[in-house]
Every structure is written in structure tokens, then in C-alpha cells.
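So, here come the structures, one by one.
Consider the two complexes below, in which subunit A is the common component and subunit B and subunit C are the respective partners.
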Partner chain A sequence: MIRVEKVTKSYQSGKVKVSALTDVSLDIKKEEMVVLSGPSGSGKSTMLNIIGCLTRITEGRLWLADQEVSHFPDHFLAAIRRGKIGFIFQQFNLLKGYSTWENVSSPLLPLGISEKERRARAMKLLEELNLETRADFMANELSGGEQQRAAIARALINDPEIILADEPLSNIDMGHVRMVIDILRELKKRGKTIVVSSHELQTPMAGLVDRTVYFDSGKILDDSRNE
Partner chain B sequence: MNISPHINLWLMAAGNLRRYRAKSLAIVIPLILVMATASFMMFTRGGFVKDAGIAKRFLPDVTVQGIEAGRVGKISLAIKERIEEISHVKRVIPRVWGYLPLKIEGKDTAYTMMGLHLEQMIYDGNLPWTIEKGSFLVPGDRNKAVLGKGVALSFKADIGDRLLVEDTLGNKGEFEVVGIFNNTVQIYSTDLIIVSLPDAGEFFGYRKDEFSDLLVYADSPENADLIAREIAGRFRNTRVLTGRALTDLVKEAFGRRGGTFQAMWLILLETVLLLVWAQSAHISVDVGREIGILKALGWQTGEIIEMRMMESLILGLGGTSIGIVAGFVYALLGTPGMSGYCLGCASIYPKFPVPVNCDFRSLVLLFILGVLPLMTISAIPAWLAGVVDPDEAIRR
Partner chain C sequence: MILNNYIITYLVCSFLSLFVGLVAAVNGFHVWRRWDITSQAEEQYRLEKRVYLIITVLSLGFILRFLMVPLWFWTLHSIIISIPGAMCLVGVHNTNAPLSYIASGLKLVMLPLYGYWLFLNYLDRKVITQPFMKQKMTFLTPLGILILLETILDTSFFFSTPPRQISCCTSLFDAPAKSAPQVITASTWLWVAIFYVLVLFIVGEIVFFLIAQKRSASSKKGRWFGKKSLLISETLIIIFLVAVFVLALHTKISPLFLGTSFHHCVFCLGQEVWDALLSVSMIFMGLILLLIYFWVVSLAGYGEVNETLSGKMVKLLRWSGTLLGVGVIILSIHLLLAF
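Right after this comes the complex of A and B.
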């Protein structure tokens, strides 16, 4: 489903070239749930961004759903993000000034789907995530947990094959951690391919994931399958 | 072509103006002020230039004035007769005119009394005045006057009234008002009293063989310059003006003032653009982040720019439309506070309405100048954020 081959990602920071990933390869199968683990700055979020086509690789190749996308132009990558990928950001990244349902349905806007249809689809997801009473609240009026669920709903609105979640448990309280884990479990049950980044070695998702890939200093140190 | 995505983007753009209303108002209010100023300047300047254009049709091919001691003075009948002998000259019509003082609402103003050779001028059928009330003078009329509408209003004079006038030297005259003409050419005719040639001559103390100027008509307009050169060569103590030169003079005078207006307008427009740019720069962090998020959600850069440009288009069209209407109303109200500057000292200020001309070309120009820069300047931050990777745009 996802194949990363000898990928290097470097950033230019002033005159200094910083390597976030160096010569990394990774294969993730369809319907597999993988945790990318490691300390802050280890390269796990960069890997997630690369898989999500949010940033371009410096060297190497990337396949998504048997299609090599490494050198696709910008508009093709946008089409892939729109059709195949649902991204849950660490900081939620909801749009300010927009209501919850508008945020959730925002990926549908450029598809030409009517407001009625967009609202109906957003409401269905919000109900599944127990957020229907907050549908008309502004994004900044929601609690952290509610924002997280709204961000999850937005990632699912296009029914993507691949779900990418960047530190989904780091900005919510313990009460909501269980809820997010339940959502991920349900998504896994529906056959989604899920890649999650986490800085914790012993993540509460441990019982759920198929594999844990441990990153450090831009390299994969360990790739272990959970029994 | 499926236009549903575009409709969604346009609706979202319209919604954004409501969502970010403080930012929208910060742009649209200065834009309204600038466009109101620009449009009243353009409409009034257009009015003056249009008047000058109309007036050109009524001007003689050549006007000849006498020079006495280096200043404009009287011109004699003898010169008139000698000019008539010049080839290509069809006819020469003498005219007497002068300014009279008038105090209106405590302000010193002036109007013009003009004596016309009724026998020669009236039957040409080429007069710039349209009689609104009463009738025009007929050959042989004495001590009768036709008033411009502005003069009639100032004197509160009507048909049949006796009009008493006095010049700066204390010469007095009395005329029966027989007609009131309207403002076909406002800048020339509204401050005018027309009397017969002998009446004007007597009032201003001219001898019977003296006039203020001579109106020379050529057998063909192409010969005007030739005749003008011939007159200037033969009669050293004259000032010779062609109709085209007079019109150009008026156009240049008002054009220069228009130029001042345009300079003011450009400064104002620049102010708005700087304001929009400052706004864009100020919100660029938020804009960049929002664009990054939208891109991450699968939006194309073109869709984001389209939405941003649509926001500016709505703001620009709305602000420009309101501004133009406000400017037009201000111009129609006589540009309160500006009419003295617009009209100069020889007009019956403030009774004389400033001419207004609102044409399609001016409107198109105003909309282009009001909307395009706004769209361009607001699209730039969207484009800059749109061409980088979503991850980078969000983190900037």
C-alpha cells in the first residue's frame, strides 16, 4: 500500500543543510496499522508528512497504492491527498472562523458538492464521534478533545484508504485518549491503512497496532511486528 | 464544464468576507472613500472637457482681439473691413463684451455681458444657447436682454422684469428680460447676459466703430490657420486665436486641474494598496497557515487563489460601486466645498452647477482601477503560500 524506498529528506536552515531522514526504506501493507515511534526530532513526523504528500522527498522514491508519486507535480499530489489520504494533525489545524461542520466538510468544497450534501455527510460523521451538538459551534469554541474529534471527522469525510495521524494522543486529556483509540480501532476494523506517529515508547495504542517502527536521528533503528 | 466547484468557492469567498468582517471593513471603507473621490473628480473633469468639446462647435474659426499698450483692448471697424478682404474669409462679426461685478451671499463674483450683432448671428442657427423661457433677441431689439439661467437665478429675474446692472466704474444700465437660456454649455453660458451690440457698446463706453473682438468665419475650417497667420502678419496690434487654440486652452486648464485631481486620486489609491498590503502582510501568517491546511486537505493551489481573488473581486466591486455612487451624488450636489476650486473666479459661484459627465468609459476605467489592483495584491500572498509544500505553509 505504502512503499518508501531509500528516502532522504533535507531542509535548508540558513546556510546549514539539516537531514531529517537519511536513506530510509519502509513498506506498509494494506489494512496494516503502524506506529512510527521515536523521540522529538527523530524524523517520524517528517516520514508521516512524506507519506501524506505534504512535503517532497529530497532523494529516493515513494509509492502510494502501487503508484509512484515521488515526482508528481503539485496538482497531482493535491488530487492524491484529496482522494486517498486523511490527515489528522497534531495541532488539529482547524480553520478559524469556520463552524465545526464547515471544517469537517471543507475538503468537499472544491469537489462541487452542494452545501446540503456536505452538511449531511459532516453530520453523519459528527454523530459517530458524538459531536453533533457542536456542529454549529465555531472551531475555537470547542474543547481540545472536541477539536481532535472534529479533525478526525474531517480526515474521514472523503472516506480515504490511508489515515495518517500525527501524535493524535498528545494534545488531549486522558478521558479522550480512550475515545481516540476506539475510533482508530473502528477505522482499522473498516480496513483502513493507518499510520500513527507517537513520541511515547509505550503508547496506549500498543495493543491495537500491527507494527512499531522506531526512529532516531533520521534513521529506522527498529521495525518490530507486534504479536 | 462543471461550475459547481467554482460556485462553492465563490460562496466560501463571500462567507469569508463575513467571517473576517473586521479585515473586510478595513479594506472596503478606504476603498469607498478613494473611489468616491476618484469618481467625482473624473465625472466633474469629464463634464468640463465635454462642455469644452461642445463649445468648440459654436466657436468662430478665428477670434481677433485688439492690443493696446500690451493689454487686450478695443479693435476697430477699419480692421474688420480689412480682414473681410482676406481670401477664404466668409464673414467677420463684431462683438462687445465685459465683466460686471456681482455680490452673492457675501461673496464677490462676476458675470459677463455680451453684445451680439443680432442681424448676423441669430440667423446662423448655430448658437450654443437653448431658450428655456421667453424668446431670444431679434434684430433691432434695444434695451432688452436674454439671461443665462445662473444669472436669472442670482438676480431672481423673470421674463418681463427690468434688470438693473452696474459696472465697476459705476456705469448703469437697465434692460428688459425677454428670455432665459439654459446650460447647453455650462462653462461658457451660465454666467452670461446677452444684449444687442449697440446696447453693450454704449454700456461699456465704446465708440460705434469700436468692438471687443471680431469673430472671423472661414469658407472652410481647414483655412482657419491660414487666415489666422494672415491676420497676425498684417495687424501687429492684434491677438489672434483660432477656435482650436481656444478649446485646447479650456481643455488644458481643466485638464491640468484634472491632473491635480488625478494626482490626489493616485495618492489615495496608493494609500489603499498600502493598506491592503499591510493587511495582507499582517495576516500573512494566518493566511499562509490556512492555505497550508487547505492544501493538506487536497485543495489545489489554483482553487485557493481563485477563492482569494473572488474575495477581492467582491470587495472591489462592492467598494467601487458604492464609491462611484457616492462620488456621483457628491458631483450632482455641486461638489460642496470644491466648486470654487473647480469653477474659478469669473463664475457665479456657488449658483453655477459644476458640469457632470458620467460615461461608460469612465465607469469601466474606475472599475478597472478599483478592482484589478485589489485582486492582484491580495492574490500575491495566496500564490506565495500556495506554491510551497503544505507542510511548509502551515509551519511558516
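Right after this comes the complex of A and C.
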């Protein structure tokens, strides 16, 4: 489903070159749930951004759903992001000036879908995530857990095959952590491929995860199956 | 020098699009030198970002220059009243011939060139490998030179045209110069007949290539793809058709539609007979679209991306046929009624 082959990602800042990832290879199968673990600055979020086609690689190759996308022009990558990938960000990244349902349906805007249809699809997802009563609340009026659920709904609106979550449990309380884990469990049952980045060695999602890939200093130190 | 709102508007648009075009052409040259779809992704991405900027700027610039063509003729029309003796655009052109005629002719030549670049860009963005990137960027250099030439001609015309008296334009046609051959001054159906024969041939070509293009999508091949001989032959045929059409308008259609046997002026025809202007525009646009079709399919490497682009090319041919067909029908109806 996702294949990363000898990928290097470097950033140039003036005369200083920083390698976020060095010669990393990774293979993620369909319907697998993989956690990318490691300390801050280890490269796990960079890897997530590369898989999500948000960052270009410096060297190497990337495949998504059997298609090599390393050299795709940006407007093709945008179509892939829209159709195949759902993002859940650490800071939720909801648009403050818009309501919950408008945030959830925002990925449908480039598709030219009518407002009525967009609201209908957003409401369906909000009902599944027990957020339908908050549909018309502004995004900044939601609690942390509600914002995360709205962000998850937004990630699912186009029914993507791949879900990428960057530290999804970091900014929410324990009660909502269990709720989000239940949502991820449900997504796994539906056959989604899920890649999560987490700095915690013992993540609360341990029971769900098929594999943990441990990053340090831009390289993979360990890639083990969870029994 | 004559100055009015239209001239100022035209000159502002002209210099703005020239500046934009030159900046884009310089950046385009840089991209052309370094574009390589197989190169490292990050370097490719840096070039891509530059390309997006160039394309956006150029597309707006070319659309503006497209709209400036009718604006040019409208601007010339606006200065008729400032030139004693001028009754139509011929009079305005005669105040500063041959500069004016070259400038007007160049505008009509540039239309298919802008259209070609815009359509080529549209197709290029539909294919992942962007196979026409180098061709697009290479084409900017001659196009940029022509735009610069066009701007110099336009500016020279407006700044050197005095509001002097000229002789009435009909004197040009009432007593043709002895050196002018009869075949282009006499009132004759010859060129109209040749025009219709050529139109039938072109319509037949459109139907043939429409069917062949549709078939090529499933068979993944077309023998005419990438053939330079096709580009040259079709361009010459269409240029010949346009020349014949202008002669047909001049010798028979204008006098017939204007109701005066000695009035051959094509500009007066456009000014006085709205459906003639409509039909001539549609015929011209139909031929431009057909020219663009042949220019695109004769590009090296087109065959490899035909499967992806065939649908768009079929649409282009349909539009070409429709515009040409409807234009000819409107013209024919008026011809029959006038006859």
C-alpha cells in the first residue's frame, strides 16, 4: 500500500544542511496499523509528511497504492491527498472562522459539490462521532476532544484508504483518548491503512497496533511486529 | 498624435501584458534549460513552483492579449471621427499605412499562437509527466519576440498618426489601380466558389480526423501523430483558405451584402452587417481551433500521451467543426437571401 524506498530528506538553511531522514526504507501493507515512534526530532513526523505527499523527498522513491508518486507534479499530488489520504493533525488545524460542519466538509469544496450535499455528508459523519449537536458551533467553541473528533470527521469525509495521524492523542484528556482509540479501532475494522506518529514508547493504542517502527536521528532503529 | 480613452486603455493593456510576458519568458527559459522530470524530486519541485507562477502569469497575459484583438479594432474605430475623410477602418489604416496594416495583420496571426500555447498548457497539465513542458517554454521565445514587435508597431502607430485629412476610402475601390489584377478587384463568384470547395474539403477532414481520433483512443495509436509533414501541409491549406475567404469577402460578398456593387470594403462589412461579422468570426475561430489541433498532434511524443488526451482532442475538433459549420451556414443563408 505504502512503500518508501531509500528516502532521504534534507533541509537547507543558509549554508547549514540538516538531514531529517537518511536512507530510510519502509513498507506498509494494506489495512495495517503502524505507529512511527521516536523522540522529538527523530524524523517520524517528516516521514508522515512524506507519506502524505506534503513534503517532497530529497532522494529516494515513494509509492502509494502501487503508484510511484515521487515525481508527480503538485496538482496531481493534491488530487491524491484529496482522494486517498485523510490527515489528523496534532493541533487539529480546524479553521476558526467556520462552523464544525463547514470544517468537516472543507475537503469537498474543490470537488464542486453543492452546499446541501456537503452538509449532508458532514452531518452523517458527525452523527457517527456523536458530534451532531455541535454541527453549527464555531470550531473554537468546541472542547479539545470535540475538536479532535471534528478533525477525524474531516479526515474521513472523502472516504480515504489511508489515514495519517500526527500525535492524535497529545492534546486531549484521558476520557477523549479512549474515544479516539475506539474511533481508530472502528477505522481499522473498515479496512483503512492507518499510520500514526507518537513520541510515547508505550502508546495507549498498543492493543490496536500491528507494528511499531522506531526512529532516531533520521533512521529506523527498530521495526517490530506487535504480538 | 491622437489620444482618447480607448487608446490609453489599449496601450496600458499592451505594456502590462508585454512586461508580464517578458518576465515569464525569461523565467521560462530558465525552466526550459533545467527541466527534467526524472531529476531529484526536490529540485523538480523548485522548478515546478516557478512553472506554476509562469503559467498563471502567462495565461492571464495571453487571455488579455486575446481580448486586445477586438479592442484594437474598436480603438481604431474610435478614431474615425478624428480623421477627416475616414468613413471606416480603411481610412484609419490609410493614415499610417503600411504600419497599420502590418499591425492589424499581426494581430490576426497572433491569435492562433496564443490559443495554441494556452491549449498546449491545458493538455500538458492533464498528464503526470507534463510531456510538453519543454515545447511550451521553447515556444515562448518566438512568441515573446512577436509580442514585442506587436507592441512596438501598435505604439508607433498611435504615436505617429496625425489627425490629417485622407481621401475617402471608397476611392480605393471605385477606380482600382491599373496594376491591380482584375481577379482581385472585379466582382466575381470565382473566389466564393473556391472558398466553398475548400470548406467542404476542410469539413471532410474534420469528420475524418474526428472518427480517426476517437478510434485512436482504443487502438492507442494514430499514424498521423508526430508527423511534421501534417503540420506543414495543414497550416498551408488553412492559410490558403483564409486568403481565399478574404478575397471572396472583398470581391463578391461585401458588395453583395452592402448593396453597392463598388463597395468592397471588408471593414465596412463588419461594421454594417452584424451577421457577417458573426459568421466571419466563427469561421475564423473554427479554423484557428483546427490549426491548433494539427499543431498539437504533430508534436513529437504526442502519440505516447494520446490515450490520456484523446477525449480533449475530440472536443477540440467538435468545437472547430461546429464553429466553422455554423459560421458557413449563417454566411450561406445571407448569401442566398442577398442573391
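Keep in mind that, in the parts below, the second predicted complex is superposed on the first by the 226 of 227 C-alpha atoms of A that agree within 3 Å, B and C clash if a C-alpha of one lies under 4 Å from a C-alpha of the other, contacts with A are read in each partner's own complex, and residues count from 1 in each chain.
Following the convention adopted for this analysis, a residue touches a chain if its C-beta (ideal position, glycine included) is under 8 Å from a C-beta of that chain, and two chains touch if they have at least 3 such contacts.
Note that the structure is a prediction, hence the values are computed from the model and not measured.
S.K.: Just to be sure I read the superposition right, which of the two partners does A:R82 touch: subunit B = first, subunit C = second, or both, or neither?
M.R.: Touch partner of A:R82: subunit B, not subunit C.
S.K.: For A:S19 in the superposed arrangement: first (subunit B), second (subunit C), both or neither?
M.R.: A:S19: touches no partner chain.
S.K.: In this superposition, which partner touches a larger number of subunit A residues, subunit B or subunit C?
M.R.: After superposition, B is the partner touching more of subunit A.
S.K.: Go through the superposed model and pick first if A:S217 touches only subunit B, second if only subunit C, both, or neither.
M.R.: neither
S.K.: Could you look at A:Q90 and tell me whether it touches subunit B, subunit C, both or neither (first, second, both, neither)?
M.R.: Touch status of A:Q90: no partner.
S.K.: Taking the superposition as given, does A:D74 touch the first partner, subunit B, the second, subunit C, both, or neither?
M.R.: Touch status of A:D74: both partners.
S.K.: One more residue to check, A:I57. First (subunit B), second (subunit C), both or neither?
M.R.: Second partner only, subunit C.
S.K.: Taking the contacts subunit A makes with subunit B in one complex and with subunit C in the other, which residues are shared?
M.R.: In subunit A, positions 56, 74-75 sit in both the subunit B and subunit C interfaces.
S.K.: Tell me, which parts of subunit B touch subunit A in their complex?
M.R.: It is residues 2-9, 11-12, 16, 19-20, 286, 289-290, 293-303, 387, 389-392, 394 of subunit B that touch subunit A.
S.K.: Name, in rising order, each residue of subunit C that touches subunit A in their complex.
M.R.: 37-38, 40-42, 44-45, 48-49, 52, 125, 128-130
S.K.: For subunit A, which residues count as touching subunit C in their complex?
M.R.: Within the complex, subunit A contacts subunit C at residues 56-59, 70-76.
S.K.: Spell out the part of subunit A that touches subunit B in their complex, as residue ranges.
M.R.: 49, 52, 54-56, 74-75, 78-79, 81-83, 85, 87, 89, 93, 95-98, 106-107, 109-115, 154, 158
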